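What follows is chain A paired twice: with chain B in the first complex and chain C in the second.
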Partner chain A sequence: MTHEQVTSVIIKHLVRSIDELTPETVDVKKSMKDYGANSLDIVEVVSASMRELKVKVPRAELATITNIDGLATVLLRVWNEKQAAAPNGAG
Partner chain B sequence: MSESQGRVDVSVASGIVTIGMCDVYGRNALSGPFVEELLAALLAVGRMADSRVVVLFGLSDVFCAGANLDVLEKVVAGEVVPGDHLLSKALLDMPVPTIAAMEGHAIGGGLALGLCADISIIARESRYGCSFMNMGFTPGMGSTRLLENVLSPAIAHELLYSGERRRGADFEGRSGFNHILPRADVRSKAYEIAERVADKPRVALEALKRVLSADKRRAFEETRATETLMHAVSFGEGDIRQRIKDNYGQ
Partner chain C sequence: MTRRVGIEKLRVYPTTLSLDMDALCAARDHDPADVHDNLMVDRRAVNPPWEDAVTMAVNAAAPMLTDEDRAAIQLVIVGSETSVDQEKPISSWVHRYLGIQPHCRNFEIKHACYSGTAGVQMATSWLASGQAPRGAKALVINSDQSLIALGEPYEFVCGAGAAAVLLSSSPEPDFLELELGKSGVYANEVTDVFRPTPRVETGNSETSLYSYLEALAGAYARYVDVVGEVDFDAFFQRNVYHVPFGGMSFRAHKALLQEYTAITSRADVRAHWARKVRPSLHYTRQIGGTYGSSTFLALLGLVETAEDLVSGERVGIFAYGSGSCAEFYSARIGAKAKAVAEAAGLQTLCDARRPISVAEYEAIERERDEATAARDVVPRRGCAAHWYEELYAGKRRLVLQRVDGYYRHYEWS
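For the complex of A and B:
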């Protein structure tokens, strides 16, 4: 799993939540709010991304993230930690 | 006439009664004081002899968010008996037609409340769903049956099981919501309908309302007992307290 792959998962779920947003126009340095996402849109995008990547990030940690790139970094880190804990691919 | 009590605002003009849920501080979550104030407003409006139609709306970004954290924790702990189903009942029992203008999100008990109205309008950009099961307990406030008034049973059941909060736009072409509009147009559409209804005689409106709402009121009464029993079972299980905290940490 690469940073780009995680980013594309997030963007896929973000464009589903916002009318007339296309993946290629998303700037990862921006917040989802900059694209008109409301608080519940963000909850759905984050939880859908976590489900797809099969990771769980504590709410307190999510609250400190400010842009899409930051979210990808945290999701990838937790994904890597999970792989390290289960080297045989279990879970 | 207009009287403001803080969290709920009631005004009347030409037979159209408007109930505005405007608890900006509490974000229209069903806190103890908010439920009390809203219930009093609904009951008072229900007694108005010259009303012909009722419009219910919330804040522009949140119609109603269901029970707040404090209330939910007390209910799960068995410290208080939930009184929010009385809101559903008060709206269902309104003697004249009711219109819910749900510009903002309506989640859980908030969606159930809106669906007690005879006519419901939602916004493309806002989200609607039932988060009860995300927190590990079964749905309440009549939602196990109320959703089926605007959604096919299949879609209603999917939302109840999954806890998904779906965008208004996603219901287009597959729901019985009266209108799905850009948020900015929801309220004006509600008043457009209200004006047409308010033109009719009160006696006729009252008679028709009683007949058209009979099935819905009966279904609500039946499901209330069932939902209470399911709560008794599901409140005692597993990691509900942590799930509730996680849900409200969002």
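For the complex of A and C:
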């Protein structure tokens, strides 16, 4: 799993939550709020991304994230930690 | 032969007062579009000071029961997170004031918004087990109201109400047949929203929404494990979700569509939700948060307002309780469901509520808060505009007359 792959998962779910947003126009240095996402939309996008990546990040840690790139970094770190902990690296 | 078990009758008590969300938005300088379109709440139910979880429970069930029902009920379960006593259960007052025969097991249960569903599942198991005497019925009631939340960010999703569900074993359940064994449970300890004292409702709503969505995924995955692979769209003709606010049903339905179907675009998801879920919000929008009653309120709204509803249709039902425990189960619409819903007369009850101003609502909430867990209380009957005379006198509703040295005294209006 790469940072780009995790980012594309987040963007896929963000586009499904925000009207008239396309993947090409998303700047990962921006916050989801910059694209009009409300707090419910953000919960939905983060939940769907965690579900797809099969990782779980504590809410307190999620609260410190300020942009899409930061979310991708945290999700990838947790994904890597899970891989390292899994027997035979089977995730 | 396996017994068929289901809901024979269902009735909801929406309180007697209501607060318009536009007025509350104006008072709190909050965007009304957020409340109507995102949260999907238009009004909320408010109780006068002489009602509590006991009176709502009784007032939900009393008009629904016949003498035959009172003689047949041998199990009463009341779910609540708004109980009036830490030892004496609401069910004991319910048993008394509903005039149910004395050989009736009764108790109160608590599991946040899951308690009503927990009660229905336990009652269903009892009726299906062969332990219940032939002809015995079970009454499950959820009764809850929000605690004082003036100016809190979650004030727009507060509410009150009680749902009474009469369950029995019969060849063909009238309102809804529970599909025995078709259920997936997901439990995960979390402190999301909670009531550490009878006067405090607190927590983190964002944590709760994450927990809700995780539990939905976990409970539905378990349902599939138990039932076998199903085509989500084809298998469920309708879907009902626990709604802390109506808008959550859209998020929940979307999550399942994205994981289990090819329906992923925002427009397609919205159209699918509008067809299979939106009718279930008819009453939720008018009553607000009803805690463990919400899925039953949603079922009533679905049956009453979905014009193309056909008996035998399968409904996927998701219940979530903070703390947490969740369940995804399925049921089939009964042959007399429309008639049962019509008899419940909920729209008439909602329309008969007295609209109150924000100032009146705030005064009531302060009075209730001060009265909660107090040693001596005499609810003011004349708090404004002769409400008691207008809405209660001669209508045979149970009301709290007074609390005297912690003893609660109820009477019929």
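The rule we apply is simple: the second predicted complex is superposed on the first by the 87 of 91 C-alpha atoms of A that agree within 3 Å, B and C clash if a C-alpha of one lies under 4 Å from a C-alpha of the other, contacts with A are read in each partner's own complex, and residues count from 1 in each chain.
Note that in this section contacts are C-beta pairs under 8 Å (C-beta built on N, C-alpha and C of every residue); 3 or more make two chains touch, one makes a residue touch a chain.
Since the structure is predicted, the reported quantities are computational estimates derived from the model, not experimental observations.
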- Query: First (chain B), second (chain C), both or neither: which does A:3 touch?
  - Reply: neither
Tell me which partner A:59 touches in the superposition: chain B (first), chain C (second), both or neither. both
| message | Tell me the contact category for A:38 with respect to chain B and chain C: first, second, both or neither. | response | both
* Does the superposition put A:51 against chain B (first), chain C (second), both, or neither? -> second
After the superposition on A, what does A:30 contact: first (chain B), second (chain C), both or neither?
neither
Overlap of the chain B and chain C interfaces on chain A comprises residues 17, 19, 38-40, 43-44, 59
Given the complex, residues on chain A that touch chain B span 17, 19, 36, 38-41, 43-44, 59-60, 63
Within the complex, chain A is touched by chain C residues 34, 38, 204, 206-207, 209-210, 213-214, 217, 247, 251, 254-255, 258-259, 264-266, 269
In the complex, the residues of chain B that touch chain A are 61, 105, 107, 124-127, 164-165, 167, 169, 246, 249-250
Residue positions on chain A within touch of chain C in the complex are 16-19, 38-40, 43-44, 46-48, 51, 56, 59
